[in-house]
């Protein structure tokens, strides 16, 4: 009884692995449905096109995942995306020359919002939902007051091209590549570096992390800053994709990013899940959306279906994933 | 020993060939037990032997794979409510009180006196107060549970169980955080209930209590019922070897008297704050400094100050003689001070994470890598320590939350064995809920450490343990040091007297 | 007699009550239009739905959950009442029934282990969709008889407002003085322990969400009393507003802490704030900022008044 | 003195005896969430500055496109006893009670750019959204010679404007069996969402002859999608927003692209204020002023497009260059 069987790699957590597997299984199913339901639906460049045009969600969801992992929740991402869009277009003023500066400012704005979120959560010790909601609302109020409802400036033509262009003659959209890059960065940081492991512990049990000398506050704040950054990147890409800044385009992304993470097996209680899972979650949402549009499903039915699917998928996941004594 | 004479009545509780496996681990295999009215059954076994699981099955909290439970001859349907209805009450190993409610509200939770749909608050208070008095528990029914000491909470928990006037009362390690006076309260209570014909199952790792409380004994080993019989037929040692499956000759290894006191690695000078009053204390390499005291008299605070969890409001902390601000655990760890907190589930472990992750948490670059994380290296290091601790887990990848209480404690302890530069190890009640075998191993390891020149600070409410392990016993009463007794020639009476403030400091 | 826990929970709300009373004394002096009966009437009418939804939200949050489907239920409620197909009374009952049903489904999902956030989010999508299917665009026809009842008022006090306050009081009583309420508080504080100790946490959960659904249904009627029409989207703003109110009321998102009754002054504060900003002719976008700041300050004060660090707490 | 005309409308003019020369006007900005609503508000303010002499002050409120908020806002104007109320009903039905309440308080209500399901308002100045939908659809059908496969891009499902334009279009398509709607999406008047939707439509139904879009930004999104996909452009409907017009002109006729920009002119706000003042000063006015939707077509495109102004500018305006500039960079 006392011997130590060394089955499984030391990191293996059956829980996580199973839900991860399940997330991708779902994604594959959706993909197949999409494929068979439409003429030459399996054409790779179409798939890549879909991924490219939904990169914004993918990127934002990764930041959301990091925050969720440390027991947080970022309800401000949508507003942050819009803020980034407004800043971008105002500073770009339609000139390609301004692009670098504009990008820098937009991302900085996003990071700043994240920083404020993090500091409020850590120092004022407010519940994340509330803190980020409040900050988000304030940000929204801010850009409305400043723009009086009308985004200033314009997107530089060169930058607009960027959204549709891509590597290998445009088949691999830049947006998708950025998404992959962000995901890779997050995954490697979390699972292949020591700080990453510490970060996981902060989410799994802050008190323990604190006692183990891990900078609870530093890590928590870092997560929110990361989320602010990804939100800004997402917002910037969305703007490039659309061709003009919008004060409302980001709104739907807040809950969508949470949904994606949760479908991907990220626990709202922190410490459990991974950007890799979220990646699957995004695929599921995106494919589903595409299927519904291509089937010409009326908007109300689409709305209802998406809601139902979200619930059903959670239920199935739960059936599928055993829960141990540790579950709480 | 009144309870010994209580005449066994009809069968209160019968378990028929109960089995339960969790994924890989067999927790309980084909166990049949019976408990007569008025009997007090000692259920013993190593950590992970399956005691809690078996009890949880009886209390309906865990659904068995096979087997059934009968109360007074009627088969029990699954579910806590059903069990409760059938007159089974259980005090769980993990406390289940609600900190947002008062003592009274907790005691009568789910059984509040109501007129129509509405709860009668006055009736509630009075009933609760009465129950507490009956049990000889002196607590304000209106006190918020959140503010009670662990010991007091445990008493409330017991009161809550007894309030339902159970036919069968299950106490899963109820004394783990009780101090001796409170244990007396519990004993009196158990005797009374047994007289009334309640069948009682008593799970504990504290031998002397087992012999004091119980009439019968059942021994679980690796999930199977190894032996059962009258406790009267068992000697201390026989019981232990029955549990562990081998002889535990002497629980406490001999003191390797660290000759020639060296200078303290860690010291407190007139430290005050967090309920402490000018504490002065030397922690010396190669010695076990025991800190005795009744629950909530500040000994845990001392541990936290030493570990940098709390910064003293006045006074000095000296590391290797040099005044240092140990105002964060990070700094303490950097100074080579390790800390094992008492509330292992909430502060000591990340239950969802693997054994490896939990153990290697503070492991330095050598174990998990400097920046790039080295899983293999970590696994190797962890596996070695796990083996040394005889840790019972399916793999180093198993989630710690799935381990038994005692094995969780081992993980917590093993964490610091992975630290090469460990100079001081501060342990707050490290053997709470840990079985004898494991305790022997842990004490052995503590000695190894002291032999290696590590200084050990051992906070404990179990005076026996301090008498057995400590080189010096520092006794605390109301946040003050009332005396320091050399461990060798200390007696329980002496330490208790100091701990109860009955003896003025010399 | 008021129990200790109930009393301590109430005490936390005292500053809020004071604030409201002061505001109700000072504002009329400062602002002439505020004084008018018409403004009072408008204020109360607009508060009614918010009060109802927030009361339900409060109970769910006390249970440790959250209900994002309130908006959907309100919207669908208004739609059902406004469909000429069904006669007025039936429609009204139907709206409430649908609310309860939706709540129960939420509860079941949560019991099955779906995070409340996800469950109710999905539910709001479903309900919103159904609402749009029934009534594609705002409008419809509300039966005269029903409308007459819904819009009853002892001017300037609208019936809807009275009902809302009554409902709130009932919810508070239920949470404070029934076994169900105790189970809600216990489960909210520590669901695992609640399960282990065999409390009827399942039925308690179902009832909590059902109550929230019922109140949202009623809120739907209160909205109709203002808009005389159905609109599947009309509940949208109530989702965040209700959560805001619950938080201002000092009910911890981690569950088990707070008093439903304090929702009344909390909602009042929010309503007065909006009313004030409108009357002062301030650009309504400042409203976002002001609300956010008020919210943060309020909750920061609660946290400061001695609760454990929220960022260490379970869940969002 | 009150003329017979204003009595016909059944609305009381200024209270008899009292003769004001300057008035307090309540203006509820229904929304500031998109470029059109912003320009509408700007247009109103511009108009106010033109009629400064007759206006004591304007009480502004803002409804965030929320029917209940609008009710509260207008109610607050009643509390403040303004002389007249100009509003853009967010929901035609929900506005009814508050309009009636205003009547009871003898405050004239002028509806700007959106109808309400009552005739108790004082005057309505608008362009029918149904008509907008119809005109665009008719143009598309004619352009395709009565038969073809088309995409439909709607705005926000459940929004009255959306539903009315949609109804107008469907009514036309219904009359032509040759017309097949192969795919449709509610892209929330958002360029990105439209582009995304059309991208997947193109993948699923590559064979398409026209796009009926009920919003200029969405039409731009559609164009972007077609180009990104390398799909030859097809005739599309849109609105009179500069962004679309600029692209349209750049493309030129040879691209195979053709369009019509049908929209509500923002200068309706100017007319609304004028009517209001007529009402208040007791001059005759038209109760229901439903204008035909002005359309931008290939013919008048060159004269209307403003290459040097941003995409979000709506060309059919009475704002002077200075005011326009202040709207975009101020």
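Order of writing sets the labels: A, B, C and D. Residues in every chain begin at 1.
In this text, contacts are C-beta pairs under 8 Å (C-beta built on N, C-alpha and C of every residue); 3 or more make two chains touch, one makes a residue touch a chain.
These numbers were taken from a predicted model, which means no experiment stands behind them.
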Graph separation of subunit B and subunit D (steps between touching chains): 2
Top chain pair, ranked by how many C-beta pairs fall in contact: A-C
Furthest chain, CA centroid comparison against subunit C: B
Rounded Å distance between subunit C and subunit D, as computed from the means of their C-alpha atoms: 35
Distance from subunit B to subunit A - Cα centre to Cα centre, in angstrom: 43
Centroid distance [mean C-alpha coordinates] between subunit C and subunit A, Å: 30
For subunit D, residues contacting two or more additional chains: 32, 157-158
Multi-partner residues of subunit A (at least 2 other chains): 144, 207, 298-300, 302-303, 328
For subunit B, residues that touch 2 or more chains besides their own: none
Touching pairs - complete list by chain label: A-B, A-C, A-D, B-C, C-D
Residue ranges of subunit D touching subunit C (in the complex, touch as defined): 32, 59-64, 66-69, 71-73, 75-76, 78-81, 91-94, 96-97, 105, 117, 157-160, 162-164
Interfacial residue positions of subunit C with respect to subunit B in the complex: 1-5, 8, 173, 177-179, 182-183, 185-186, 188-190, 193-200, 256-257
Residue numbers on subunit A that touch subunit B, as the complex places them: 1-2, 4-15, 191-197, 200-201, 204-205, 207-208, 210-215, 271-272, 322, 324-328
Sites on subunit D touched by subunit A in the complex: 32-35, 37-38, 41, 154, 157-158, 181-186, 188, 190-193, 195-197, 199-201, 203-206, 217, 220-221, 224, 227-229, 243, 310-312, 327-330
Subunit B to subunit A touching residues, read off their complex: 22-23, 222, 307, 309, 328-334, 339, 341, 346-354, 356-357, 361-362, 365, 368-373, 375-376, 378-379, 382-383, 386-387, 390-397, 399-402
